[in-house]
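Shared chain: chain A. Partners: chain B in the first complex, chain C in the second.
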Partner chain A sequence: MTTIADPKAPRPSRPGPTRRTTHGNTELYWWVFMRVSGVVLVALIFGHLFVNLVAGEGINAIDFGFVAGKWASPFWQIWDLLMLWLAMLHGTNGVRTIIGDYAEKDSTRLVLTSALYLASVIVIVLGTLVIFTFDPCPPNSPADLLPSFCTA
Partner chain B sequence: MWSWVAHRITGFAIFFFLLVHVLDTSLVRVSPEAYNDVIGTYKNPIMGLGEAGLVLAIVFHAFNGLRIILVDFWWQGTRYQRVMLWVVMGLVVVTMAGFLPRHLMHVFGGE
Partner chain C sequence: MTATAEAPAPEVGAVPSFEVTLKIRRFLPADEDMPTFGEPFQAEPRWDEFTVTVHGTDRVLDALHKIKWEHDGSLTFRRSCAHGICGSDAMRINGRNRLACKTLLKDLDPSKPIIVEPIKGLPVVKDLVVDMEPFFASYREIMPFLITTGTEPTKERLQSPQQRERFDDTTKCILCAACTSSCPVFWTDGQYFGPAAIVNAHRFIFDSRDEGGTQRLEILNDKEGVWRCRTTFNCTEACPRGIEVTKAIQEVKRAMITRAF
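Let's look at the complex of A and B:
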């Protein structure tokens, strides 16, 4: 005959993640960030889509001169910079969550998240440099491809 | 449940477009010709339909994201989460009804 364990007997603590294996409140901060950046991104991206795809001739108007015209103003530089950083961080954290949910092997998860972080850093750094080192009137370029203010 | 799946799929897809989009925009730093060549491919009809799909994904992700925020922070949020999903669907339809004709006209040369 088997006996059931004394329910009041001391038990070893439950296995699994404990407070020690997490990193403070990092996950909470990311949770908040997703919501705050989400609201801001709705405004930034809807504005971006309206100006680039709906207003005027829509997508047909987009060329080098169009981009140069926008980035001549600090307003659109800041707009695009903010959009780049928020969208990349929001997206990177989202994909990190997805990887964490579906990649069960530690090694797979490590490879995928490393590739993700590498790609994100490259894109954020590249995008930021492009916005701030952009030359709207590069020398030796045909004038008809450049914004009108280059020849003025 | 399905809105949760759709939120993941659209978010994942948008992220990969974003990576490509930053790279193609970076061509402005190479030369006007390089940028115009690549951005020109966005103007062909097949890509035009792809952009319509992309905007649909963005619009859904945006409105459903706002719904998630309301479920999380509004005290009546969980009670109305189902109604809010229908509101999201309605807003997606209305937004696309405003966007699609205009974009397709640009892409297919209606004017």
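Let's look at the complex of A and C:
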């Protein structure tokens, strides 16, 4: 007895393992991080906006000297550092999620996530560097480039 | 004397009948070799319109039957029990996933053509029939059977009504794929386990008699597991059994988090 091949049988399934199984709690931790960082960021960002735009003389007080004054205090350094790291990680993970949901091809996904990670690393490193090494009055600079409060 | 043809007065309590147009997405695979996975079939889908006279008590499935039996016998769709239990005839009707056998035509605004498509995210085999294999593959992966250890008891495994209530909602699943094929995350690459697999895992994870909960949570802790759920509630809205699918997924997430911390 011969069997008749059905020319219109359902298409073959995806070759190889259908799903690459992953282990560990990585996704779980990222999921929790997104919730926690979201709440913390709300407090940090609104605190930041209030101090910069409302408190004291309000928006009129903002200038180079104001920022320099804030970063002279370790409190605001930590505040801004936290804001930078949490916002960047929160945003990067969010965009990673969106790329995962919308990129259909593995190659597209790889290119987009690589570009995303590179951009995030640059911003985080550069931002951290600025917060900790910021010096409003670098020594041996020409006087006309320095703000008025720098008295040599 | 001439007999005058008088229109018979409508019977009291008679079911009204009306005309309805169905716009059906048709697809006939080309008569050539099967394409490899990811490649589309050569054939292009098309839309066919059929106008049929139906009764106020008729469902979309009755209209499809009428079309198949009286207009075009080549129209292909799945149905088995035709009463909302077997889960064979999930399809996209007017843009929403529903069971054709549970959707009354009169509820669908019959003044406009009713659009009937196969469910999305699964390969179409012919017309409204899709290849359910990726869906069932995910279902099998979560081990949808009772897992126990130790010697088998000599009587039933007893359970209190409260223990049973814990997972009652997810026992109602009929595996029609309406939820999974309504999920935008599943549409992208079909790698996501999908709501139906998670619902059926939930049914055993929260069953007091089952001892495979840890294994199931481990399986769904995957990159493609519950963490890909974006809580869009498409699944809850699509479920013809009224299962609170998104809630079940959230409960599985919570079980994982309390386990991890």
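By our rule, the second predicted complex is superposed on the first by the 112 of 152 C-alpha atoms of A that agree within 3 Å, B and C clash if a C-alpha of one lies under 4 Å from a C-alpha of the other, contacts with A are read in each partner's own complex, and residues count from 1 in each chain.
Criterion: a residue touches a chain if its C-beta (ideal position, glycine included) is under 8 Å from a C-beta of that chain, and two chains touch if they have at least 3 such contacts.
A quick note: this is a predicted structure, and the numbers were derived from the prediction, not measured.
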Touching partner for A:Ser107 - first (chain B), second (chain C), both, neither: neither
First (chain B), second (chain C), both or neither touched by A:Leu28: second
Partner with the higher number of touched chain A residues, chain C or chain B: B
Touched partner set for A:Thr151, first chain B, second chain C, both or neither: neither
Partner chain in contact with A:Leu53 - chain B first, chain C second, else both or neither: first
Chain B/chain C common contact set on chain A: none
Complex interface listing, chain A residues touching chain B: 35, 38-39, 41-42, 45-46, 49, 53-54, 57-60, 62-65, 67-68, 84, 87-88, 91-92, 94-95, 98, 119, 123, 126-127, 129-130, 133-134, 138, 141-142, 145-146
Interfacial residue positions of chain C with respect to chain A in the complex: 29, 31-32, 34-38, 41, 123, 125-126, 131, 133-134, 137, 141, 184-185, 188-189, 191, 218-219, 221-225, 227-228, 230, 253, 256-257, 260
In the complex, chain A residues that touch chain C: 7-15, 18-32, 100-104
Partner chain A, residues of chain B touching it in the complex: 8, 11-12, 14-15, 18-19, 22-23, 25-26, 28-29, 31-33, 35-36, 39, 42-43, 48, 51, 55, 58, 62, 65-66, 68-69, 72-73, 99, 102-103, 105-107
